[in-house]
Each structure stands twice: as structure tokens, then as C-alpha cells.
Amino acid sequence: MWSKVYTGFGFWDVYTWIIFFALAAGLVLWLRSMGRSDYKKGTEQDEIFYGSNEVPEDGEDIQVPASSAYWGFVEALQPYYEKLLQIHTGIANDYVGYLVVTTGILAVLVLI
Amino acid sequence: MKPLSVVVRTICDIFMWFMAVYGAYIIIHGHITPGGGFQGGAVVATLIAFMLVSHGGEKMVSFVRTGMYSAAETTGLLLFICAGFFGIATTFFYNFLAKQGGLFGSTVPLGANSGVLNSSGTIALMNMGVGLEVIGGLSLIIYFMFRGIRLHVETGSEETGHDR
Amino acid sequence: MNWQIHLPALVLAIPLLGAFAAPLAGLGGKHIRNAWFIFISVVTTVLTMLLWQKVAAGGPAVYVLGGQAWNLTLPSGLTWPIRIVLEVDAFGAFMAVVGGIVALAGAFFSLRFMEKFSGLDKFVSLYFLLVTGMLGMELTGDLFNFFVFLEIASVASFGLVAFWRDRPEAVEASFKYMVISTVAAMMVLIAIGFLYGRYNAVNMAAVGQMLHMGYAEKIALVFLVIALAMKCGTVPMHMWTPDAYTEAPAGVTCLLVGVSQAALYGLFRVCFSLYGASLDSVVVPWTIIVMGVLSMFIGVSMAVIQKEIKRLMAYHSVSQIGYILLGLGVGLLALRDPQAMADYGFTAMKGGIYHIINYTVYKGLLFLTAGALYYAAGSRNLNELGGLARVMPQTTFMFVIAAAAIAGLPPFNGFVSKLLIYESTFAVYPILAVMALVTSVLTLASFVKVFQTAFLGPAKAKFAHVTEAPGSMILGMSILTVVIIGLTLFPTWALSHLVEPAAKALVDQAGYIAAVMGGGL
Amino acid sequence: MTGNIPFLVVGVVFFLGLYAVLFERNMIKMAIGITLVEASANLLLIVLGYRFDGSIPVFTLAGEVKQMVLPTPQALTLTAIVIGLATSALLLSLIMMLYRHYGTLDVREIRRLRG
């Protein structure tokens, strides 16, 4: 039960990892404890730094929307994504069409 | 749908009971003739379609008690599964009534004969269960498809879903 | 009499009884119906586990429905079975356990989630019919019976996907799923007809014993493989998956994941046990591998650009199915070569089968957390959500665990199965392993996006009133969380007790046939 | 040769149904196509069980007649018909609801879920 999983090429041992994570967590907590706790509460020292602008009341104004995430990735692969979105038409005929075409291709491959 | 002429309606009033009886016949004789629960149930359920065509939608809607058909559906299904469960002393769905005598357990003589009605054991019970279920189910399908979407008609309002 | 011999039938009969008696329980009001819902779900799950235990201890279990004895598969000295035979080997029992767990979690979750809908008696009925269909596909040993359970599961899932009838998208998703699924089911029926016409039998073991490759068998194989691959959402037949998974209620989506695994089970049962050794060309294994790689890549690259949280997760399930197909496809490729089987094939199969349980539990959990978000915040759009980790700490915790598991971060269970798949496919064709790694990276990327936009970030004013999901929903999610953590902490136990017997049973075609046809044949 | 004509009919009906599902824009016509595909599958099963000059497969006729048609495919077909009825009813109900929601029967306009 406590032994390793052998994959035939290497092995996997979860407990080594858990020990590693425990050590890493200890290190992080130790580093955190080294921080100073004597800052002045209630002054501008514990305020959010927002590019020296006013921090908006509602968080909605400062959040990056999900559609902006990985903008560069999507932009770089624009031709690929255009093709991919062309395939996903959302028309029920096409759904069945892909099923039939795949069946046809596999049938040809198997029967030859 | 608008009601049809008085001739059609009268014929319908007389004839639909024959259809009901014929459907019941098919259900009960399911194990010795072609037929059975589904076929007989479908024949009985045409009664609703027949009424819908001849008497018009309003009359049909006022006639049909959906609770009764739902009850028939549930009863039929429970009868079916219980017939399966009662055989579990041997195996699930085992025909524990066959060849035991009594109402369902007559034996069938070999050789050419026209079959014995009481010979089937639990198969007849299951046929009746399925028959009841199909009568209820198909009638409700016809009823609800006629009334459109039940929810809109009954409550008159949109369903809220789980948005708060 | 030992009641345990009836387990294969009881596993199917109890949810069926639950479905049929649900309107009766509904008469007693909300609480009786909910109690019935939970009671039957718990009993079913416990029964699947008992069945798995019995199979693990005693080898493949057969059960003849309606026979004079439970093991009388060949009555009156016949050489082929005539009644409906349930046959459960270690793989089937493993799949049944997986299905039972997600069904239980989905049931707990649905209690509060479905509260605002009407017609809940019908919901409970359909839910149990779906469970019956799923378990039936996994336990049956009969081709036609497999088709019947496939259709039971399909019809129930059409109803459940369209359960929110006033939402146009739900009805649309159900319609599209229905069109493609019915055509595929008819292909399965025609394939069964071909096999029946050749061998006068529909029992899988009997057909598998007699099978010789001819034109009819080849066409039947093509129809079965494509139709079942479609049912589990493989590229290029995956378009229904995001639609249906997104629009179904969250508890049902969790169960639909289990149902897609049942279709996967059917696919591999056909390939390994029905055709098995007579599958003499490499076309079908390579088709499965290619479809798997395509699913992985296209699924995940579509997921990266999605804005709706459940749709994103649904594309991920397409991609995760690809891993399973890749692992088991490599196993199928190595089936006829004992050396290759020992070198990498068996490892790949272990990885694939381990990924089945991992995928099912963490994907089910992800869908449930998405449902909890939707329930609490009232939106599925990632552009609108944000800052919810403050108000929903428990959901966040479970989401993080599931997301880490699906992205294959070490020490979680997803990593172990992916590791097995990478290392074994590397031996066949290194490019496959590279594709799998890239997919894993993109998976992590898209879940970072979900985590960052939905849970992290500043608190939004419009979500100020949002509170943690209710207790029963948390309970449903925590069932799956516990399973994930268990699989994470004890991978060796899971591999040697759950996965290896299943992989061995799948490879062992002769054993599957002998369980029904008798050892002497 | 004439014995093979039913199989030809199966193929023709199957491809007609498939054509309707693939190329028709009207949802009702697609539903009809699906029903045709179901019908062809059922016909295939029945044809497979037919034996030339066979009589009806009834227990009490055992020994009286030389050959019976196979009863199993007929049972299978009945089951498939029941399933087909359930799917058709559900499909038509879904089409009704789609028509209420979208106001059209054209399948090319019912594509809010895409991408």
C-alpha cells in the first residue's frame, strides 16, 4: 500500500511529493514570518497600491475579463482558431454529417 | 381542433368502446397470439386520439383526467417490476407461476392445439403491467402534445429555474 | 440461499424500482420523494461496491435473467445461450463502481439544485432510468440488451438535458443530441443485426467465440466503433458534448459523464472481448489512437477560448476522453503481440483504465462546482463572475483540488494516470506523448483562467449577497473530493486492486467467453 | 435473387432516411428521416429472421411444421419499435418546444449553441 508505482520506465511515489510539499510549505511560512509586522495600521501603508490612482469601489472596474485571458495565444493561432470555429457550426445536420463521414472513412479503411 | 359532424361523433361514441375491448383482448392474449402489452396498449390509447379527432380538443381535455392515466402508468410499471422481484427466490424475472396450477399456471398439451389462455405464468401479469403502462403513457403523450407545453398552459408563467 | 448471487440483477433492479416508484413517493410530498431519491441512490452505490467485491473475490459473475438457475447459461444441452445473460467481469464491475459513485454525488447535489423546477417526480424517475441505463450497459453480456440499455440511457438523458423547458438553449441542446444519438443508436442496431444474421446469437461471449472476420463483421465493427465513440464524445463527433453538458442541470451533467464512460466501456468491450484476437488489422487501433489524439488537442484548444464555465469544462471532457482512448488504443495495438503487451501495452491500458475513474470523479466534481457557482451567483459567464473565493470557500477548495487533478499536477491522481499514458505511448510513437503533454499544459492554462476569473480577483458589488452553496450540495461535492484524495494518497492500492484486475479482464478474451460458454469450449 | 430484394429495400430506406437527416432544413423532415432510419433497422432484423416457407414460430406447432421463421428477431424488432416510438414522441415534443421558443422550424436558425 505504501510502495511505489512502477511505470516500466520509472516510478511514482506520492509520499515523496507530500514530504516535498510539506518542506516547501514550511519554507514559505518561514519566509513569511520573516516579514515585518510593525507597519502602521490605518495609514496609507496598508492600502492597495493601484498605480497611484484611486481604488474603485466595485471590483468589477478593475477585473480583467475572461475573454481577455490568453489574448496573445489566441491571436497567434488565429488561422487555426478560425478553422476550428468554422467546424463548430451548431447546425444539427452537420453534427450527423460528421458522424456519417467518419463512418464512411473508417469503413473504407477497414474494408480495403 | 374543431368537433366533426354529429354522424362522426355518434359513430365514435359507439365504436371506441369496441376499440378499448379489442385492445384489452390483445393485452390479455399477448402470450398466445401476436400482440401483447405494448400493442394492446397502443390500440387502447388510440381511443384518446379518436376522441380528439371527432369530438374536438375541448371535449377531450375536459374528459381526460391526467391523474388517472399517471396512476395507470405507475401501477403498470410497478406490477411489471414486482413480477420480476417475486421470482427472485430462483432468479430475477423467473416465471414462478408457470405450471403451478391455479389461474396462471395451466400446462399446455403437446401437439397441435390453439393454446391455453391460463398457461403463461407471470408473462400474462407482465403483459397486463406493460399494457396499463402503455395505455397511460401513450394517452398522456397524445394529451400533452395536443395541449402544447403543459407548463405554459397550466401555470401561465415562465419557469424560474435556479437563478436567484 | 446466498443472496449475493443475485447482485448483478439487483444492481439493475433497484434503480429501476426507484424510477418506477418515484411517482408513488412523490405523492407523499417533497420530503418523502427526496428521501426515496437518496435512499435508492445509496443502495445502488452500495450494491455496485458489493458486486465489485464479489467479482474481485470470485472472478466473472454471470446471471441468467429468468432462468431456472442463476448460472444456467446453456440450458438443455444447447451450445449457445438463449436467455438474457448478465456478465460482469472485473472491468464491468469497476465501471459500475465508478458509475455508482457519480450517481450518488449527482443525487445529493440535485436535491437543492433542482428545487425551483416543477415536475420533480419525473426528474427522479428519469434520473434513475439514466442510472439503470448506465449500469445496464456496463453489466450486460448481451448485445441487444446493450442496445436497449443504451437507448434507455439516451432517452432519459434527452429528457434530463431538456429539463429546464423554458430555456431555449436547453431544448436546442437536447434536440441536437437526440438527432445524432438516435442515428448512432440505429447504427448499433444494424451492426447487431449483421452479427445476428451471421451467427444466430446476440450473446457477446457466444458471438466472440464464433467470430471470423468477413465483410459483415467488418461493417458491424465500423458501425459499433463509430457509434460508441460518438456516444462518448470523440472528435469529430463531439459537437453535441458541449451543448448537452452545458445545458443539463449540474447534477445530471455529473451523471452524464458517467454515462459517456459506459459508452466507452461498450467500445472497448466490443474491441477487446467481442472482436479481440480476430481483429487482425491495425486500422481500428490506429483509428482509436488518432481519434484520441485529435480529441485531446481539439477539445483543449476549443476549451481555452470558451467564456462559459460549463462549456469550457465540457470541452475538457472531450479532451480527457482522448487520453483514455489513447491509452486503451495503444493497448489494443499491442493486443496480438505478447512482447509489446508486456513492454508498454499493459501499462498503457492500466493508465487508460485508471484515467477512467480519475476522469469521472474529477470531471464530475468540476461540473458540480460549476453548478454550485451558478446556483449561488446566478451566472455561468466567466466575464461576469469574479471574487467568489471569499464567499464560497468550500466550493473553491474543492474546485482547486479537481482542477489540479485534471491538469495533472503532481501529487494528484490525474498525474499518475497521465504518467502511465505518457511513458507507454512514448514507446509506440514519441509524438503521441508530446501531444498529450501539450494538452496537459493547455488544460492547466484554461483552469488557471477559470480559477483566476471566477474565484480570485476583487470582490464585485453585485455578488455581495452571494453565500456558500447549501449543505446537501457541499455533501455531493465532498463525496467526489474524498474519492479524489483517496486515489491520490493510495495510488498503489488503486492500481493493484481496482485497475489491474480490470485491465487483465479486458485483455482476457478467453476468460470472458468461458464464463458464459463453459470452460470446456 | 428475389430473396435479396428485402435487403436492397433496407439499404434504400436507410439511405433515404440518412439523406433526410443530412440535407433537410425542416426539423419535422429530419424527424421523418430518423423514423425512416429506424424503420430500415427494424426491417433488417425481420428479414434476417425470415426463413423461406417457414411458418409462425408457435410452441404448440412444434413437430407439425418443418420450418419456422426465427422468433428472436421479431422480439428484438418489437423492442426496437417501442424504443423508436419513445424517441419519435420525444423528438416531436422537442420540435414543438423549439418552435415555441424560436418561432421557426429551420434547423439552420436554431444555433445559439455554437463555437
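General observations
To keep things simple, chains are lettered A, B, C and D as they appear, and every chain counts its residues starting from 1.
Here is the rule we use: a contact is a pair of C-beta atoms (placed from the backbone, for glycine too) under 8 Å apart; a residue touches a chain by one contact, two chains touch by 3 or more.
Note that this is a predicted model, so its numbers are computed, not measured.
Each chain gets a centre from the mean of its Cα atoms; the one farthest from the centre of chain B is A.
When the interfaces B-D and C-D are ranked by how many C-beta pairs touch across them, C-D comes first.
For the pair chain B and chain D, the distance between C-alpha centroids works out to 23 Å. The geometric centre of chain C is 28 Å away from that of chain D, both derived from CA atoms.
Chain geometry summary: the mean Cα position of chain A and that of chain B are 54 Å apart. Each chain gets one centre point, the mean of its Cα atoms, and the points for chain A and chain D are 46 Å apart.
Taken residue by residue, chain A touches two or more other chains at 88, 90, 92, 96, 100, whereas all remaining positions touch fewer. Annotation for chain C: residues 165, 175-176, 179, 183, 243, 302 touch two or more other chains.
Residues of chain B found to touch two or more other chains are 149.
Chain contacts here follow an irregular pattern that is not a line, a ring, a star or a complete set.
On the side of chain D, the complex with chain B involves touching residues 56, 58-64, 78, 81-82, 89, 92-93, 96-97, 100.
Listed in rising order, the residues of chain A touching chain D in the complex are 85, 88-93, 96-97, 100.
Residue ranges of chain B in contact with chain D, taken from their complex: 32, 34, 36, 38, 108, 110-115, 141, 144-145, 148-149, 152. Residues of chain C touching chain D in their complex: 144, 147-148, 151, 154-155, 158-159, 162, 165, 168-169, 171-176, 178-179, 182-183, 186, 189-190, 193, 196-197, 200, 202, 242-243, 246-247, 302. Chain B makes touch with chain C in their complex at residues 70, 73-74, 77-78, 80-81, 84-85, 87-95, 149, 151, 155, 158-164.
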